[in-house]
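Two complexes follow with chain A in common, the first pairing it with chain B and the second with chain C.
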Partner chain A sequence: MVAQVLSQQVPIVLNALFLASVLFLLGTGLSIIYGMLNFLNLAHAAFLILGAYVSATVITEVVSAVGGTVGGGVLLVVLLVGLLVVVPAIVSVVGLTMERTLFKPIYGLEDDYQLLATFGVILMMEDGMKFIWGGQPVSATRPSTLLGGVELFGSTFPLWTLFATGVTAVIAATLYYFFEETRLGKITLAMAENDEIVGVAGIDTRSVHLKVYVIGVGLAGLGGALYLPNASMTTGLSLQFVILAFAVLVIGGLGSLKGAIAAALLIGFVRSFGTYYVPQLALAIVFLLMAAVMLIKPTGLFGDIKA
Partner chain B sequence: MSQDTDTGKRTVIQDSLTTPSGLAAAGLVVLGLGLPYLPGTGQFEVFLTAQILAFAIAAVAFNVLLGYTGLLSFGHAAFFGGSAYAVGLVLRYTEIRELFVLLPIGILAAAVLAVIIGYISVRHTEVYYALLMLALSFLLYVVTVKLYTFTGGTDGVPIPSPTVAGVDYVAAWGYSGFLQGVLYYAIVLAFLVSIALMWVFMNSPFGLTLKTIRDSPDRARAIGIPVVRYRWYATIVSGVFTGVGGVMYALLNGHVTPGTVLHWSRSGELAFMAVLGGVGSFFGPIAGAGAFILLRSEAQQLTEYWHFVMGLVLFLVVVFEPAGVAGLVKRGYRKANELIDERRRE
Partner chain C sequence: MRPSLEPDGDVVKRGVPPVEPPVDRRTFLKGAGAATVAASLAGCNNPAAGGGGNNASDGGGGQIPSEPLRMATIAFTSGPASVFGAPMMRAARMIVEQINDNGGILGERTIEMDEFDENTEDVAQQYRRLATQENYDIILGYVSSANALTVGPIAEELEQPTIIWDTGTTELFDNAITDPQYVFRTCASSSTDAVGAALVLDNALSDVGTVAGVNQDYAYGRNNWDLFTRAIEAFGIDVEVVASRFTPFPNEDFSSTIAALNDSAPDFIFSSLWGGDLVNFITQANDRNLFANTLPCFSGGTHVFADVPDQVPDGLLFGARGPHFPYGILGWNSLHEELYAYVHAVERAYNLNGEYPNSDAWATSMEGLGFDSASGFVDIPAGSHNAVEPSFWGFSDTGGQNISLRDPVWIAKEQVNPPVDKTTIEWLDSL
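== the complex of A and B ==
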């Protein structure tokens, strides 16, 4: 009886953790870039989609190049390096190029106009990805199947979900260390308060800005890389991720790491259990939750910055 | 007070009718009314113009919020699609086929949605307002897609041509005759009435109050304006007229799906039209709607990746010409005047 309940509930919990991981990586990047660099990028979620598409190409290429010649263990290691290092790096380079050309001219605009301009950027990025990868959904499950599953309570669960959650936990800890302990992290926090004063203190704020921006974009790319082996991706999903990313930011509170973790977990669990019990309305519940938090506690669960 | 404002209004109307732009507008109205009878215009041109007018109503309504109240909404698809769907569902589940019954139903649906969504969203401003609108309108989209047994899901609902004042013109004149002889004029009329009403609203004390709030919410609050409530009213006015546009679009298109009327990209398009036309000007968004539809139909013929083209145009407009077409025209007008002055001096 207990085993039966567990075998039913555990996959939902694992799925919730997996979703929460991806949402954390997406939302925290957005939160850093908006909260600390004061740049509101509606197109941020498109970097997650880009990360997933690049991952699909990386996985396919690696498998076709060395898949037949090396053992499963070696192949898995190569794939993981590709997903965890190469993909975020590629996405960061694309993000950096876009920062130089598209985003820099709109930093001075009001938030509303940044939203409009980056709405235009989403349209461009979606079609750009459609041009390169075609309009069909992509999927590449090899890393997940290589990693295999674990047998619990009489059914098998993919280990990839646990792996993704583990990676995200490490990232969250690293980010916490970054902001609390490192010089660059402290400068970033100071810039969030007042970047002019930081500049006057002799710090190259533009260089800090770029570094923090790359971290944010890279995290979204990593989110895409972790997402893909477990699910398929299309450009049509970008809006869902745009809203979910903002939901993380709004529910958790602007610029709060703790808030982003809590919000990602909350949304992950609501979404996962919702999908299981009320599949029609799972997504709707998330948006209702977001609206409810904005009405009851406008600064978010952990935010103290005034909305 | 009423007599003063009446005389004031009459002078304003007289003044604006005798200016070049007033005359141009009057000429456009005449051209619009005569369009189906012009040589060389067929069903396609009439359809395209009607489509522009339907969107122009919504774009001007959108600008009531963005330009006059200073609120960017990313959720106007809820009002546009809500009214379109109200019409579609009434046609699907009842025997009602009358335009003069369908239109008020659509407007009522948009009004109800605007009252509810607005009430929640105006608790916030700026980005948070935009995002709340986005989330709530996406909610409507998701619910419409998921409750497919009632709403038809992603397939949408067909909108059969309505009767007008009890007469079934499609049966009498065929679809082409109905479009060019009845539906087109219904849309032109809806456009003129909506634009006139919104113009009166925006030039009334109500409109001035909204502008005060846009320019400085804190000062508006200080002189005793209930800021949040007025933002709510503005959202409702904007939503209702967006609904008029939605009903006209639905009747013209003959079919609505969640993807075409409720999807967030529709909200984005309305924002696009307003910005393209110029949010600082009342009539700008009309030009924006026209420019948008023409540009899109050109881009669609040119390339499969027309979204890219539209995205690029939006981006460039926001960065380089935030005042939109209206800004360009104003600047051109000023330049021309300067040139004339220079010539005279020489």
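== the complex of A and C ==
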């Protein structure tokens, strides 16, 4: 009986944790950029998709270049370096370029103008990615294949999703340390309160701003890198992830790392269990959750902005 | 070990569907292929083939319009459904170029093709603009079943010649347009896929006891599952349906759906998933070992063979609507049938009536049209506005340079499509 329940529930829990991991990496970036830099970037989710597309190219090129000459273990290590380091770096560089050319001019505008402008940026990025990678599904699962699966209570589960969950947990802990213990983290938190006073104190707020922005974009790129070996990418997915990213923002509260963690977990579990038990509500269930949180605590679970 | 197909040889036959008419040519030409008679007499079979193009002196002798034919083509060239739309547009460009290189329709009238993205907020408004303000002679297109159901009745209202090139929903001519005049569909409906899958289950897979479904939660997926389950009932197939899952479209996460399917442990899964959804489902299901003891049957997914060959495991059952799979991808097949159907119908009407056809004469000419295409015989039965095609199935074979279908079987078009005087549901209920 216990074995049967575990066999049924454990895969759903692990699915939920993987989904929560991707949402955390996506939502945290959006949350810190909005909460601390006051920039509402609707296009943030497109960096996750970009990360996934770049990952597909990295995986394909690495496998093509060294796949036949090295063993599976070495190939996996090379691929992991590519996905965990190179892909976020590439996405960050693209993000930084866009920040300087497209986003910087709209920082001073009201939220609604930022929303409209960055929605246009999503469409531009979608078309740009379609131009580069085409409209067909893009898929590259070699890292997941190399890691293989594990038998858990009678169910086979891909180790890649467990690995991705583990990596995200380490990143969440690192981010917590960054904001709580490091000077840059504390400056960032101070800027969220009042960046003018931080600037008066002699701190280069623009430099801090860029660093936080790059971290946020890099996390979204990493989310794409961890996501791709489990799924395919097609253009049009950015808009779906935008909605999920904003769900994390709304449920967790603006600019709150704890909120992003809690919201990502909540959405991951609600969606996984919801899809399993009430598939008819698979789409609606996240928004029902969002509506419930907004009714009970309009600032989000860990947000402190006055409604 | 993968299960094998053991076709009964009567309903489900081994091999690939014949590309020639299933009866001898003379008999066929006497019957439903009257269009081919006219076309063949006039020597206007395939204008792109070279040498077949006519000019006015070959046929009726009437005036052929000097201005180019204005053709609007509509498909998803962006977003998830561009998996079908993008290759279709490329195929359309190529075929129009071939036709024009041979002088055009009847060897004289070239085609001017304009492309439009189906990925629009208001497909009805777009269609009305093309038909009434931009005055296109012919509108070809639509990948989405929902969009076809939207524009079909509008096309009839505006008396605008329109050919649907890819959507499968049987609702198009069963409910949305019950007395079609100007709308045609040159590919088979989902009946070919869903009823075909049920017949394979009944006549080639004797060990299946439990069945589940995974389909997209919109018009196409719902229609397919409905037809499949009705066919199970109609043919009295002794299986139990243990799960039916509808997933959002598009969907990137199938993990919980797969967990639910693993728990219900069906012997057979019927799925009309396509595009990125199908790739995601196959990838995630394979990672979770769903296919170890379950045979999945993907009724419209052969396009993934070319799109993401690395993600297709060996030994999954795939369906290919129509006889065309061995001759190219779906986008190409849908397109060349549609374009040539239009051209043949114009040429047939011209040669029979002696004058270039207006919309009504063209529509009359389309009914009962039959012609040899590059990938098999295209048959729009007399009295129908929908092509009928055989059902074709096989296991994915990853052993070669390209993925192909192993151990193929096929079912005659008459056994997977309703007769012209019945809707699909009426036909299934009458069995």
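Keep in mind that, in the parts below, the second predicted complex is superposed on the first by the 306 of 307 C-alpha atoms of A that agree within 3 Å, B and C clash if a C-alpha of one lies under 4 Å from a C-alpha of the other, contacts with A are read in each partner's own complex, and residues count from 1 in each chain.
In this section, a residue touches a chain if its C-beta (ideal position, glycine included) is under 8 Å from a C-beta of that chain, and two chains touch if they have at least 3 such contacts.
None of these values were measured; they are calculated from a predicted model.
*Asks:* Superpose on chain A as described above, then tell me if chain B and chain C fit or clash.
*Replies:* Pair status: clash.
*Asks:* After superposition on the shared chain, which partner residues are touched by A:F157: those of chain B (first), chain C (second), both, or neither?
*Replies:* So A:F157 only meets chain C here.
*Asks:* Is A:G149 contacted by the first partner chain B, the second partner chain C, both or neither?
*Replies:* The second partner, chain C, only.
*Asks:* So in the superposed three-chain picture, is A:G128 touching just chain B, just chain C, both, or none of them (first/second/both/neither)?
*Replies:* A:G128 contacts chain B only, not chain C.
*Asks:* Given the touch rule stated above, what does A:G166 touch, chain B (first), chain C (second), both, or neither?
*Replies:* So A:G166 meets neither chain B nor chain C here.
*Asks:* Return first, second, both or neither, reflecting whether A:F119 touches chain B, chain C, both chains, or no partner chain.
*Replies:* It touches chain B, and chain C stays clear.
*Asks:* Counting only touches as set out at the top, which of chain B and chain C does A:G72 meet: first, second, both, neither?
*Replies:* After superposing on A, A:G72 lies clear of both chain B and chain C.
*Asks:* One more residue to check, A:L283. First (chain B), second (chain C), both or neither?
*Replies:* both
*Asks:* Taking the superposition as given, does A:Q8 touch the first partner, chain B, the second, chain C, both, or neither?
*Replies:* In the superposed model, A:Q8 contacts chain C only, not chain B.
*Asks:* Of the partners chain B and chain C, which touch A:I243 in the superposed model: first, second, both, neither?
*Replies:* first
*Asks:* Does any part of chain A touch chain B in one structure and chain C in the other, and if so which residues?
*Replies:* 126-127, 130, 280, 283
*Asks:* Could you please specify the touching residues of chain B with respect to chain A in the complex?
*Replies:* My answer: residues 66, 72, 74, 120, 123-124, 126-128, 130-132, 134-136, 138-139, 142-143, 146-147, 264-265, 268, 271-272, 275, 305-308, 310-315, 318-319, 322.
*Asks:* Considering only the defined contacts, which chain A positions touch chain C in the complex?
*Replies:* It comes out as residues 7-8, 11-12, 15, 18-19, 126-127, 130, 134-141, 144, 149, 155-158, 160-161, 230-237, 240, 271-276, 279-280, 282-283.
*Asks:* State the interface residues of chain C toward chain A in the complex, per the touch definition above.
*Replies:* Those in contact with chain A are residues 76-80, 82-83, 85-86, 119, 245-248, 250, 252-253, 255-257, 259-260, 262-263, 275-276, 279-280, 283-284, 287-289, 292, 304, 307-308, 310-311.
*Asks:* Using the touch rule from the top, collect the residues of chain A that touch chain B in their complex.
*Replies:* 40, 102, 105-106, 109, 111-113, 115-117, 119-124, 126-128, 130-131, 239, 243, 246-247, 250, 280-281, 283-284, 287-288, 290-291, 294-295, 298, 307
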